[in-house]
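This report concerns only the one structure given below.
Letters A, B, C and D mark the chains as written, and numbering starts fresh at 1 in each.
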């Protein structure tokens, strides 16, 4: 791979890792279920960007764009279903506190 | 024509959902039943007209590229059997016609996703089918809509999404070297390049699959999801979903994509052993029937992964056979738990007792299931475990083999404790008028018990037909 | 792409990180949802700059648009927290989320020490200019069917999870 | 011939399956069927002798074959097994009447016969292990059928024997690694290094099956909880047959034990200790079945001592003793069964004066008791003499242990016989009379066999001698063993002493059962006995000090071993289980953290590679 492309890949890679750390931190620290889902979305964003960068540096934009479109569809469906579950939880516990979801243990 | 396994149910679901009134909703059950039975029959007979490449028009029409080998056949058989079981259990646990209809749709979609997983030849398409199965599963878990089910579903969703991210990241990095997402291209790229990044991608990929498969320490979601789901869903999840999504994909990835890398083998051996032990020990003290079975499931999956980590043809054949056996006996035990749950209203083992007197079929089949899980001759579970252990010796992994055998005793201990608490001993107070489970559950448990006994007794021929060819697949 | 291009990209990436930080550390849920949309929008620009226009359009319309709608509607369906609760929460939040920038700097420092050899090379592409639509419809039709199935599942999921039932007690 | 080898397995298995599925009534149907199967197996096994054969079937592939081999030794033992099975089934037909689960019991007995035959005939370690393990489950099942407490006992037996089996499995694995084959007839390994470890592991397996110390503690428990025919069947005969068979195979064929090896001394020490400790425990039992069960352990010590001595006399004596023991021990258990059936109890304090009411049973008991004590001219005498012969050749200590065991055995049987059959007639149940003829026939047949094997002891010894082929070099002539007159004299003196001791005790206390109480409640020992359950030991007036140390040691060993199996292992497992359940705290964040930690580790490992 040419040095220039490699540099692009490395630069993007650096920020992609930072973005996923952001998402993971959000997922782990928050006590709100919707915010946890937002953390997951950040992770998905990071990985989408990674796929596009790979497409760019290998010159296979067509393939990676096709992949990314599918990933985006999946992402939305996951977010919708997760939101639905959070909504249900809200209806049962009257709150979105992740600490409520500790009844199953042991 | 393997694509028909995906498209016929898909079109069926679309048509069933058209607004044609109640008749469609009643037909859904029979349609699903027919689809699953046809899948079982085709997987057993290896019908060349259906699977063969002579009649390509269908696949060519849809421009899909499926490939089916021995391993896929075993998996398709499991998928058909467990989905059928789940359907039969559903018949006796969900009675509202609209609920039933939605459930059947989701069940067929999940089953379709799994059939896709075992037939694809492209890493990204595999990911899509994984996602189909996963999303359908967590909707199914949340189907119950009590707060426990929601909790289980949410945990599964979070961990599963994390796994998706890992798998996608790995796919992206592998694309960097391969330029195409097909198995062959990626295998070629891995073979060609010696780079840290690619190695890390392999690690990410395997970790993603291990989360889906619920191996220790990636297993946190599994007991909650299995335990909280409604009976029919537990059967499906424990029997096949995690196996198809995590374990089958793992062996496919190792064999067709990543190759048996030394580091990954060491990783799998270690994780397999830890899973066996943690699962078994955690199962000992459980008070809830389903939760105990869930931990037991982790432990049994450990055996399978241990077999993969050993990576000799015999070990992999044994592991795949154990995968099949596990699908059958764990489904059977979950069907038994469903029988208890429908009659007792809960799966708390302390509340049950002496149920075998009132529910003889459930009691008897649960003994068969438990003994097969513990690896007792001549039931089929024994053969797969012994093959794995023998293969481990032959490969020189004596300590792993010894651990595997020791854990087998723990398995027997907790399963016997369960038997004593739930089915034998004195009849618990207030259970005098309890009845045997309904027809669907009974039929499912008898069918699965018959398979366990049949495979155990006819092991040599079953071995020759199903298992040995898988071992041969891996001889390089 | 010249060095100049890379610096523009880097600047955009830094902005993206700031948006992400705002998303995570912001006080209200609504702001977090909007922050996510902003992050998404910046990623759209990056995708556009990386010669992936179709994906960029999808990202913009679906992720920045549709997803925000999903989140905002979910947030509005769940009861907003009382004001007092928010104040208490935000005090706590500072403690818990204050470490994120530190963590990010730490990870960044560690990453600068990681060296990866540049010996990965994909085999040269066969047909130089294959269109996205061609890839999607001719080469990867199974993905399209997968999307259809996923959307059906999503629809079913929304029906199952969002529907009101008399049985629910609240 | 190939198919007939398999028949020794398939007949019992098929019968077992059929018995399980046929309807409960008429009762005679299942009884007839199981008897028929047992006698058919016996007839078949008789045809095996002197006709070596082998059969092999492709089984699991990858070098694991289902291979069988008939040669004189295994054929002899298959005959013995089938004989016992036939006798005991006949006995059970009456004994088990009116009890629950009889169908399952018959089925399990037949299945065990199949498994034991399989184990004896197997010529492949994996194959042998398979049958060996399978026997574990039939044992479990048969104990669990018994009284309410039986489940716990069954679990205990299962754990103890299971642990032995695990060692054996590992041992077999090492053997395979060293020799590259799993065929027993081709396995020859030197007992040094890993080979030594393999020997120890396999030996532990064999000893655990035989029921020697320290793997014995389930047998006395089973005596009270399990159905009686099981006791006569498994611990008294089949377990010994299979365990000693395997011990002989590993000592003679696989590892070629030689006299000066550490292994030989280990075996002899275990044998000697088992004889003494178990018989001490037997001495003070106040229950017919429990007393016999401790003897079942003690007698195993003689066999192990004999085989461990690695001398021709010892090996032949050990095997001969195994057959003899199986005969008289199962016979004695049958007399206990008659007592239980007719008198309704086996508590020695309640029994008494049965000799006049059950004369046939009494006669059988006397002959077999004389036999087990080693009185000429019964079979036990001849095998014991051979073992003494070997023991004195290898070291006086072992001989002393053996002869002391003989003394205590005689003393305890004098006590047992006196308490149960003589003395004041107790009136626990009116009209106690002989059991039905079908129960008497097996007893009489077994007693007759004891007498016959004693009077014609040369015949069995000649049948056993070929076992040594290949072990003892051809130069040494293999003839009958000449009797050692001085040893015989000592034996007779010791037996007389035992008799005198008993008479002395009876005169002092006036009761056969309490003949030993003066030692029992001696001021020095009183507190120890009180502590170690009411009257566990009954040492005699000679060498009180020495006996005391031994007794305490034996009681302590027994308890400690019991504790390891009964509470230490389960407690450890529960603690680990509790800890594991505790860390599953229900928060998905914890689970994500675990995953991330593992992921991080994997990334580091994959990035740098395992060096």
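Heads up, the rule we're going with is that a contact is a pair of C-beta atoms (placed from the backbone, for glycine too) under 8 Å apart; a residue touches a chain by one contact, two chains touch by 3 or more.
What you see is a predicted model, and the numbers here were worked out from it, not measured in a lab.
> Just to be sure I understand the contacts, which chains border both subunit C and subunit B?
Under the touch definition, subunit B and subunit C have A as mutual neighbours.
> Quick one: subunit A and subunit B, Cα centre-to-centre, how many Å?
27
> Between subunit C and subunit D, what is the separation of their C-alpha centroids in Å?
For subunit C versus subunit D, the centre distance works out to 71 Å.
> Per the centroid of Cα atoms for each chain, what is the distance between subunit A and subunit C, given in Å?
Roughly 6 Å, centre to centre.
> For subunit A and subunit D, what's the span in angstrom between their mean Cα positions?
Going by mean C-alpha positions, subunit A sits 65 Å from subunit D.
> Which residue numbers or ranges of subunit C touch two or more of the other chains?
Within subunit C, the residues that touch at least two other chains are 116, 120-122, 125, 140, 143, 146-147, 150, 153-154, 157, 160-161, 168.
> Can you list the residues of subunit B that touch 2 or more other chains?
124, 128, 131, 135, 139, 142, 145, 154-155, 158, 162, 175-176, 179, 196, 223-224, 285-286
> Two or more other chains touching the same residue: where does that happen in subunit D?
Each of 581, 584, 586, 588, 592 in subunit D touches at least two other chains.
> Should the pattern of chain-chain touching be classed as line, ring, star, complete or other?
other
> Determine which chains touch and list them pairwise.
Going through each pair of chains, those in contact are A-B, A-C, A-D, B-C, B-D.
> In the complex, go through subunit B and note every residue touching subunit A.
Against subunit A, the touching part of subunit B is residues 124, 128, 131, 135, 138-139, 142, 145-148, 150-155, 157-158, 161-162, 164-165, 168-169, 171-173, 175-176, 179-181, 223-224, 227-228, 285-286, 291.
> Which residues, counting only subunit A, touch subunit B once they are in their complex?
9, 20, 27, 33, 36, 40, 43-44, 46-47, 50-51, 54-55, 57-58, 60, 63-64, 67, 70-71, 74, 77-78, 81-82, 84-86, 88-89, 92-93, 101, 103-104, 106
> Show which residues of subunit D lie in contact with subunit B when the two form their complex.
Checking each residue of subunit D against subunit B gives 58-62, 64, 126, 130, 133-134, 137, 151, 155, 159, 162, 166, 169-170, 173-174, 176-177, 573-574, 576-578, 580-581, 584, 586, 588, 590-592, 594-595, 597-599, 602-603, 605-610.
> Touching residues of subunit B toward subunit C in the complex: what are they?
Subunit B residues touching subunit C: 6-7, 10, 13-14, 62-65, 102, 105-106, 109, 112-113, 116, 120, 122, 124-125, 128-129, 131-132, 135-136, 139, 142-143, 145, 175-179, 185, 189, 193-198.
> Mind listing the subunit C positions that touch subunit B in their complex?
Touching subunit B from subunit C are residues 116-117, 119-123, 125, 138, 140-143, 145-150, 152-154, 156-157, 159-161, 165, 167-168.
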